[in-house]
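Written out below as structure tokens is the structure these notes cover.
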Amino acid sequence: MHAAPPLNSESATPGGAAPATPKRDLRRVDIHPDYWYPLAWSREVKRGKTYGTTFAGEPVVLYRTEAGAVHALEDRCAHRQVPLHMGVVDGDGIRCGYHGWTYDCSGKCTDVPYLGKERLPNGVRAYPCREAEGLIFIFPGDPAKATDDAFPPLGSVADPKYKTRRFGREVACHYSFMHENLMDMNHQFLHRKQMGQMRARSLGRRSGEGWVEVDYTFAREAGRQPIGEALVFKERRTAATEQAKDVMTIRTQYPYQTLKIVSGGGTLVMDLWICYIPLDKEQRTNRTFGLLSIRKPSLSVLLDLAWPALVWFTERIFREDREIVEREQLAHDRQGADWNHEVFPVINELRALLVEQGAPPVRLVDRRFALLPHTAAGAD
Amino acid sequence: MHAAPPLNSESATPGGAAPATPKRDLRRVDIHPDYWYPLAWSREVKRGKTYGTTFAGEPVVLYRTEAGAVHALEDRCAHRQVPLHMGVVDGDGIRCGYHGWTYDCSGKCTDVPYLGKERLPNGVRAYPCREAEGLIFIFPGDPAKATDDAFPPLGSVADPKYKTRRFGREVACHYSFMHENLMDMNHQFLHRKQMGQMRARSLGRRSGEGWVEVDYTFAREAGRQPIGEALVFKERRTAATEQAKDVMTIRTQYPYQTLKIVSGGGTLVMDLWICYIPLDKEQRTNRTFGLLSIRKPSLSVLLDLAWPALVWFTERIFREDREIVEREQLAHDRQGADWNHEVFPVINELRALLVEQGAPPVRLVDRRFALLPHTAAGAD
Amino acid sequence: MHAAPPLNSESATPGGAAPATPKRDLRRVDIHPDYWYPLAWSREVKRGKTYGTTFAGEPVVLYRTEAGAVHALEDRCAHRQVPLHMGVVDGDGIRCGYHGWTYDCSGKCTDVPYLGKERLPNGVRAYPCREAEGLIFIFPGDPAKATDDAFPPLGSVADPKYKTRRFGREVACHYSFMHENLMDMNHQFLHRKQMGQMRARSLGRRSGEGWVEVDYTFAREAGRQPIGEALVFKERRTAATEQAKDVMTIRTQYPYQTLKIVSGGGTLVMDLWICYIPLDKEQRTNRTFGLLSIRKPSLSVLLDLAWPALVWFTERIFREDREIVEREQLAHDRQGADWNHEVFPVINELRALLVEQGAPPVRLVDRRFALLPHTAAGAD
């Protein structure tokens, strides 16, 4: 009797409805680049300033002109590869802080101070960039696909009937652990100290091209309703029957995730939009960007008053989730493979979705070359 | 003239009596799992609580039931591989802190809260576990060999005529450096500040199946007798001749080590039992568990009074030893191989013993596979 | 448009005069060992004390006898490879702090306390060692080449007409980045906060066997002359025409570098000698030793009074340089290759020089063996 490795774990899964085992290790599937991804909060990119970050190991510099426009370039001077975010914003462009090479917002090199204009070298990559609802998005994949249609709806953040908490932080795990954590509401045991003893009941799941979703109701088995939860529902629940009328729907619409709670009366009381951005090349860390919209009560100042308590509550939940998913990643690191033994059908569907929609695997021949010294093109 | 690498160091060894050179790098020999090993002090595993540790990279959770029994399981939920020590003790078993999967003390999965009992998945590995003299032991190897006979004697700790100091800490080196450090008493120069100038004289060595031992006498060449030493002998020595009557015997009885001092009068005045537990998979760190038993004087309160001084003294000795063996490990890490150039015959015997008694080498074919991505069984 | 990798970057270089692309990755070229290299400041090696350091990953112990002589040995006891710098100076030699093995200043083992003199094992490597102008040099390569003629001139440090600042620190980059940083004065933009807006103009370059040098004049485009600069020239400049009379010459005379400023009047006003010592085996870090000699004014106390300001100024310049070259190294680490896209001809000459004069490449067969476990000679 041994937890690992579960040689035929999927075929032995009690929930026999699970899809066939994907052959790729989910934790090594890169996120697909052909989507709009948030890389920063608007407030982090100030006028006339740069902001350096990464997407899946690729350095990206965001900067805002004095006029307020935001642009995104490869964060690496074409000359000596130092980060452009160490330079200075110059009109619509950016000037490298080392030798002063200058790039416009399309990435074209427009000035090398000690070189004739007719001899200017190539520039750097520019990313399609959009700002919306306090988030700055880039499109790291094929720019031809960076259409308005591809831009995701952001829940209820723009609806004045809702108040939105913007939250997030870095989590040291592959983005797939984040999706599974949120979608599997059987993990309420993890939050027993915050939530009391809640029992989730799955009502059923649906799926389609690029998405999977599941509905839950909840019943309190023991303990009292926490304040944070009461804030969302604007009332104190006492009977499990009332509670059971609320339906929580969690959906992964690749690569985004949403969680909606509709009350028994048919009102959307909570609407969460969340996205997980891989930071490093191995995609073993992510930065989470969440928009948590709560429907305002008729006297909306009440929600404002209660806001600090809600922040405190959600932070504690998030901290518990973060700790456990980071432990999952550590186990994967140690084991070198995904030993997951999943028995919950919707999670198996989600896992298959994340593999199918993810970036195609790097061909083995490329991997091999990456290990050899001195073969990189252009090395000198 | 160069210290490294000593291509034919062993054959060029002046002490020609040394055994033939073993071909395996001693620092890469894993400890043999078919022994009882202490993993924690009893006080570290409280009633109703868990305690997570590792043995040679394998995560192990120890827990104590409310009734006081101690059990040891693989510290990894069969579901998502998070550590069980983050969960809660539940009767004789343990409940994972994430989704609430529960295991009994044999490792069998007895509950998945959202799954029918008839569909329960496999469990986790359980280890034979025993508590003795303030230590909790497990048997990480073949459970069929975890007999009472295999349980080691623990020196004089159970003898009321002795008072025992329990000590230990993590040391960042392979366990073999610990054995060599203790057995080679020619390293008194290291402790010159604590001990004064002592000269060890080897009286001879003996060996048998699974053990090797050596006797020493000591002579003070300069400096005064330290308090700590006087505490052990209950008297102040002034003449080297008196001192020479005491005999120290150091023995490695694989995988344990003992150091006994018998006074000129034939009394066992000090009795040390010590064991080194590899923590990481590469076995480049160990946790030391030591039981240092000192024979009580007729007025035993004197030993109690002197105890803090003895603790202070042994801690300083231990700190010096730790610093130097960690340097040995660093040199091995840097060099990638063991360049040891040993001239002391008993140490060469000890080294051969540790190789012979250690775990068999991992076959090269396995090593190679371990380096390839995506080949682990059960990855999905 | 993408900064990397510049597949044909050199051939596309606007400055077509650049030499042909060297095939080796400059950042993987080891420094050539057949030169005198400073490893410490004299004041760091006190009488009767040891000083442990490394040259390109090789541990070296420097020690000074009570009589004042300095010696350099391999910092690794032939017995168990612990650092000799943890031992004690003993006459002209050094005694290991573990078992007391003793080596004389030629590296010969002269005592193993528990072994007959006739059976003494081999010793450790000794390095030719010289002390000059407050620096301790060793010759890590072929000792036969460690002649007086090979010892480098150290600028104007010995000339009483100059006052010298000794400076340096560890920088986490390959030594080649240091050479390029100093020689390419087009990087004045980096120091815009310290220096104001200076524009360097290259007057031409020269090269020969083992060296390359370039002359610059400077013109201030905006901002005021900094105090630190005025200290060097002993006067305040206001007109760019005057400034243009000063000529700065930067020379890499492998493996050393110098920077000299000759005023319009023909006086050598500043004379910098600098050397970059790789610390680790991969040579991705270096320790810089610099001798910055400033010509004293007729009233030399004025220079003494101004000295703290000069120290402050040079430290700030050095800090900016350090930060940017460490970013270059990080980019190389991330990319696994040198994507440098150089357009300045003298830097391309310098790069070619550093490759040609550097240590020959390690043969690939050796590299491969280094990756295999258990093949190191002498492992046991």
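We just call them A, B and C in the order they show up, numbering each chain from 1.
Note that contacts are C-beta pairs under 8 Å (C-beta built on N, C-alpha and C of every residue); 3 or more make two chains touch, one makes a residue touch a chain.
Chain labels with UniProt names: A, B, C = Aromatic ring-hydroxylating dioxygenase subunit alpha.
Everything numeric here is computed off the predicted structure, so don't read it as measured data.
Visitor: Angle of the rotation mapping chain A onto its copy chain B, from a C-alpha fit, rounded to a multiple of 5 degrees, please.
Guide: 120
Visitor: Given that chain B and chain C are copies and touch, would you call their interface same or different according to whether over half of its residue numbers are shared?
Guide: Both copies, chain B as well as chain C, present different residues to each other, with under half of the numbers appearing on both sides.
Visitor: With chain centres defined as C-alpha means, what is the inter-centre distance between chain B and chain C in Å?
Guide: Going by mean C-alpha positions, chain B sits 45 Å from chain C.
Visitor: Residues of chain A that contact two or more other chains, please.
Guide: none
Visitor: Once bound in the complex, which stretches of chain B touch chain C?
Guide: 1-10, 12-15, 21-26, 28, 184, 186-187, 189-190, 199-200, 202, 324, 327-328, 331-332, 334-344, 351, 367
Visitor: Which chain B residues qualify as touching chain A in the complex?
Guide: Contacts found on chain B: 57, 59, 74, 76-83, 86, 95-100, 106-108, 112-116, 119-126, 370, 373-374, 376-380.
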